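Chain nomenclature is as follows: A, B, C and D, assigned in order of appearance, with residue numbering initiated at 1 for each chain independently.
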Amino acid sequence: MISFESDYIEGAHPRILQRLTESNLEQLPGYGTDLYCASARKRIKAACACPDGAVHFLVGGTQTNLVVIAALLQSYEGVIAAKTGHINVHEAGAIEYTGHKVLELPQHAGKLSPSELLAYLQAFYQDETHPHMVFPGMVYISHPTEYGTLYTKEELTELSNICRAYEIPLFLDGARLGYGLASLQTDVTLSDIAALCDVFSIGGTKVGALCGEAVVFPGRNAPLHFLTIAKQHGALLAKGRLLGIQFDTLFTDRLYWKISRHAIEMAEQLKQIFREKNYPFYLETPTNQQFILLENRQMENLKQKVGFSFWQTAGERHTVVRFATSWATKQEDMDLLRTLLSSV
Amino acid sequence: MISFESDYIEGAHPRILQRLTESNLEQLPGYGTDLYCASARKRIKAACACPDGAVHFLVGGTQTNLVVIAALLQSYEGVIAAKTGHINVHEAGAIEYTGHKVLELPQHAGKLSPSELLAYLQAFYQDETHPHMVFPGMVYISHPTEYGTLYTKEELTELSNICRAYEIPLFLDGARLGYGLASLQTDVTLSDIAALCDVFSIGGTKVGALCGEAVVFPGRNAPLHFLTIAKQHGALLAKGRLLGIQFDTLFTDRLYWKISRHAIEMAEQLKQIFREKNYPFYLETPTNQQFILLENRQMENLKQKVGFSFWQTAGERHTVVRFATSWATKQEDMDLLRTLLSSV
Amino acid sequence: MISFESDYIEGAHPRILQRLTESNLEQLPGYGTDLYCASARKRIKAACACPDGAVHFLVGGTQTNLVVIAALLQSYEGVIAAKTGHINVHEAGAIEYTGHKVLELPQHAGKLSPSELLAYLQAFYQDETHPHMVFPGMVYISHPTEYGTLYTKEELTELSNICRAYEIPLFLDGARLGYGLASLQTDVTLSDIAALCDVFSIGGTKVGALCGEAVVFPGRNAPLHFLTIAKQHGALLAKGRLLGIQFDTLFTDRLYWKISRHAIEMAEQLKQIFREKNYPFYLETPTNQQFILLENRQMENLKQKVGFSFWQTAGERHTVVRFATSWATKQEDMDLLRTLLSSV
Amino acid sequence: MISFESDYIEGAHPRILQRLTESNLEQLPGYGTDLYCASARKRIKAACACPDGAVHFLVGGTQTNLVVIAALLQSYEGVIAAKTGHINVHEAGAIEYTGHKVLELPQHAGKLSPSELLAYLQAFYQDETHPHMVFPGMVYISHPTEYGTLYTKEELTELSNICRAYEIPLFLDGARLGYGLASLQTDVTLSDIAALCDVFSIGGTKVGALCGEAVVFPGRNAPLHFLTIAKQHGALLAKGRLLGIQFDTLFTDRLYWKISRHAIEMAEQLKQIFREKNYPFYLETPTNQQFILLENRQMENLKQKVGFSFWQTAGERHTVVRFATSWATKQEDMDLLRTLLSSV
């Protein structure tokens, strides 16, 4: 049975496995000090046009969010996020475990509104009792969002300007960044992100790697002793080569963009198929995740034939489900899906 | 200038100071093991009709909330509270500092809705991804709420039933409990609270004491080593006598009720005065806090003559302000307020 | 029965209760913003000769240690302390609860050795693996120590120089500071401490107050938003007046020194009495705590007649016990002790 | 240049890479729910003779220690460890970051002494002030220790009996467990460990895997919601297959034992070579790590030709260094080392 359940149900891009195999007999120093990590850092900084920046490799997405946020916040600060932000919902309270409140703002198709952010910050400092409250110390956005949507360059610029006016870092969670960069409907490039954000992650797990997220501090603003901070969170991989080789591969010959673009092409076909079959969209997005509204009986039937994921209930009789393509989605999967939908 | 800014701008009830002075030369053991603490515990348990319960004395309100919540939650659990709950807004992230998320539900005049609570809990366990989310491990309510409102016995019973069905404790923050118990519009008694809640606090700071909150575990459910837990949070007072004597005094001859009732009588006069003068209420409450809607210019004038506290803005030209009475409010203060309002 | 069990078994100095009573009917703003706190801060800064410093009032000793240490350390730093330091033994893991390791060094009659401190810091930075270890981010000393001993001005200067060379703050826990300052065998003054330490506390609880510790940042180095940090730990007292009035009283007419000197005079008599009766000292100290070595049977007899505290076992048949005088110890207590010891 | 610097400078056992490649195109569910994880769990439980146990896969060693310890301790508890225990020295304060004190006992060639452990526990509960101290809530040992030494079955049994008498779990950190099990000088089997410990880890990173540690709860004592706890620490790998496949391979055909035995055989040769060349041992161990005492000049010479790691200084003119063999050490490396040592 084919599955569109998520973008982490696949293995790794074959070139990654090939390079792991080729380098396997080399003796390499640990903790990210090997030559593959060095090369990957160099390639990423070049791709981001941030030669003075710093790049660190971590293993997973929640880990990345908690380490970055804990490293940058003062104890009395919290992090602003959309109500649907991954850190606010699906990280088991990892941010709070590090002692920090997630300061929730409304979401608009998964996105923060710059004007609501500004209003929040203004109101906070106007309130005389604010020393008894959690200081807003950072803004967290995901791009693509948990809903597959994307910020425009203008929105990102506005958020960035607000953060700089209030002297708080803007952190972009790029767990699915490749699918955002490769979207047909984006005007945001990787170097835009590096110019507008104070820290961001480039997700490997969902874009071709077995595991791994690259954390980029594009300026000279990386926190002191980030390695020690990562270690303290159990986030420092002994065999850093595993991460270095993967990112070095993904950032060679623009592989990260190429495989992301493939996922987008598959997603465009997927949207087309659902449109043809007259399935209503809950949310049609410019990236690799599409949200379809199914009648519950229809959903039960479909579930027997193809994998997808439950998103949320929609009243008594309908459910929103998610279909995700990825770098590994095959053309024959799309063809099969078209056939299956015809028969449901 | 008289002030109705809050209920903690006064000193202590004179009988408390008198007893502190009388007992001052006694040598007493520390950390809550003295005879005054023992006597106060006994009186409180009698007043709550919970002879098997446990009573601990802590110093302040935020401290009480964070120690109780941290003592009862598992690491993967959070605490449900209304959006306006004190722990969610005005405790500088104290709960998150202990590692726990505040799970925010809508507020209705400061209160949680039992049906919304139930819906939240049902939805949580129906969501297949819930192991990636913060488990609801406790329900926090304040009574009176931050808006001076009160739960009815029926509402409290519903909340209690839901908590017991889901096997999570119901914690009632009684920082202003006296003013709730003494309200003219309540059907909730202290023994009702002891019967329906799993843990609650009885506030001293705002009701006649210099400092101090009593934490009551009405059943046999007090956490093991609560003293050590309090100590770990810096919340264990060396000279426990300071707390024991105050609560022993407040719970002798029903002083806690008598002085609370006085504050309510003053609040009833205060409401009457504002009504007479045609000031619109933002919220008219059954306890000691009243919320008035002022034009901004009117507010500036009034501020010169009487103390009150800013609550929130209400559009461009109005502001909600709070007037609080207390056990120490004097009849002449009310008379003076009436005169002042006539002249504004 | 008289007791020398500790210095916190007494009430408050009568002048404190008197001033609490006199000011009781005043309406005063909360959270340390009242005029008594302001006056106390001014007096303390004058006594410390640190006009540019900052003074904050907290409630208890463990609370003070944890708030100060958490406020000053980076997440990857720990605090160096003697093995017998209060934070390492008797604070229920409060420092670790805030996320920081106590880095234990040997103790010499309760004191850190400057040369051992220096050697530790040198070795740490020479070890290539130190990024995998906890960075030493602060030095904690108590003065008097938990053993009643005192640093000399020379030792304090050496510790201070080392800390400044390594750019880490020196924190002096002065829970019993008065008894150190009033000792007949000290060359350390309060302004020496202010000149040599980066932060220190002045204990009220054990020196005449009902509760309260003053935290002094003698330079311009107080952490931003200390009030919010204190609040987050549940350490911000609503009725700050309770602390302000007490410290204002203790620092008027040198009351803090006078009552401390009384305790020292009583301790000198106590030492004389034990010497006369040929009781062996485990440790004879220059402050208010004296450590006597008793045979276990002797200890059991004595326990029936006078209060003291268990310190530690000393082999199978002996025990070290502690006798503490305080500001409240009376001459007749000393006379009674002399008589009692004669009859044991 | 060959290196004996550590046991994590190598890639993975070729069979692991082969199986990762073979399974790469399969679509598999995430978070440890795939069939490879299931198979690996089954094989590990069989090898441990604990059919009712639970097995979880985590990524790294420090991560494993902190997640397990935080999952099992109450907030007021700490973990007992030898002074040289990995959690006490080389984990950047990860345990303290979770709020728990490491309670340090003396080390004897890296090991805890059962009699000292017992004495510590007895003294703790005899001390009347123990509620003000951190409760001992767990015992942590490493096997092999950081010094390459091993507990005997008798020692392990004694430790286990003490822990069970005090009702605290015994946690064995098996980061290098294979090398302990395969030692020529051990009487401890994997099923002994499962019978005597309450939780233990089986290290993959240092024994043939790219990454990964298996956590085994041999009884029915696994904490509730361990997956959520892991997630909260950022320790839950999305593509759990990466861990499942590796452990499934290591526990097929006793590969874990076979490759560990190879490392031991190489270590025996290594010891023989150093003995032949008359290099003094600082510590000659029964596992894969050997500690040699070098004159500093000798060390500088040797460093040019072969990799090893600095361990600790030994006076002014000597240094202790560590040579580690691993599953990947080749016979020609040994031959080359023999030649090199002849020429230094």
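Rule of thumb we're sticking to: a contact is a pair of C-beta atoms (placed from the backbone, for glycine too) under 8 Å apart; a residue touches a chain by one contact, two chains touch by 3 or more.
Treat the numbers as computed from the prediction; the structure is a model and nothing was measured.
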Label of the chain whose CA centroid is most distant from the centroid of chain D = B
Ask   = Which pair wins on C-beta contacts, C-D or A-C?
value = C-D
Ask   = Just how far, in Å, is the C-alpha centre of chain C from the one of chain B?
value = 34
Task = Calculate how many whole Å lie between the centre of chain C and the centre of chain D, each centre taken as the average of the chain's C-alpha atoms.
result = 42
Key: Chain centre separation in whole Å, for chain C relative to chain A (CA means)   = 50
Request  = Indicate the residues of chain C shared as contacts by at least two other chains.
outcome  = 75-76, 91-93, 97, 99, 131-132, 228-229, 231-232
Note = Residue positions on chain C within touch of chain A in the complex are 70-71, 74-76, 99, 131-132, 135, 224-225, 227-229, 231-232
Request  = Would you tell me which residues of chain C are touching chain B in their complex?
outcome  = 2-3, 5-6, 8-12, 14, 17, 20-21, 23-30, 59-67, 91-94, 97, 205-206, 210-211, 228-229, 231-239, 241-242, 307, 328
Message = Could you list, by residue number, the parts of chain A that touch chain B in their complex?
response = 75-76, 78, 89-93, 96-102, 104, 128-129, 131-134, 310, 313
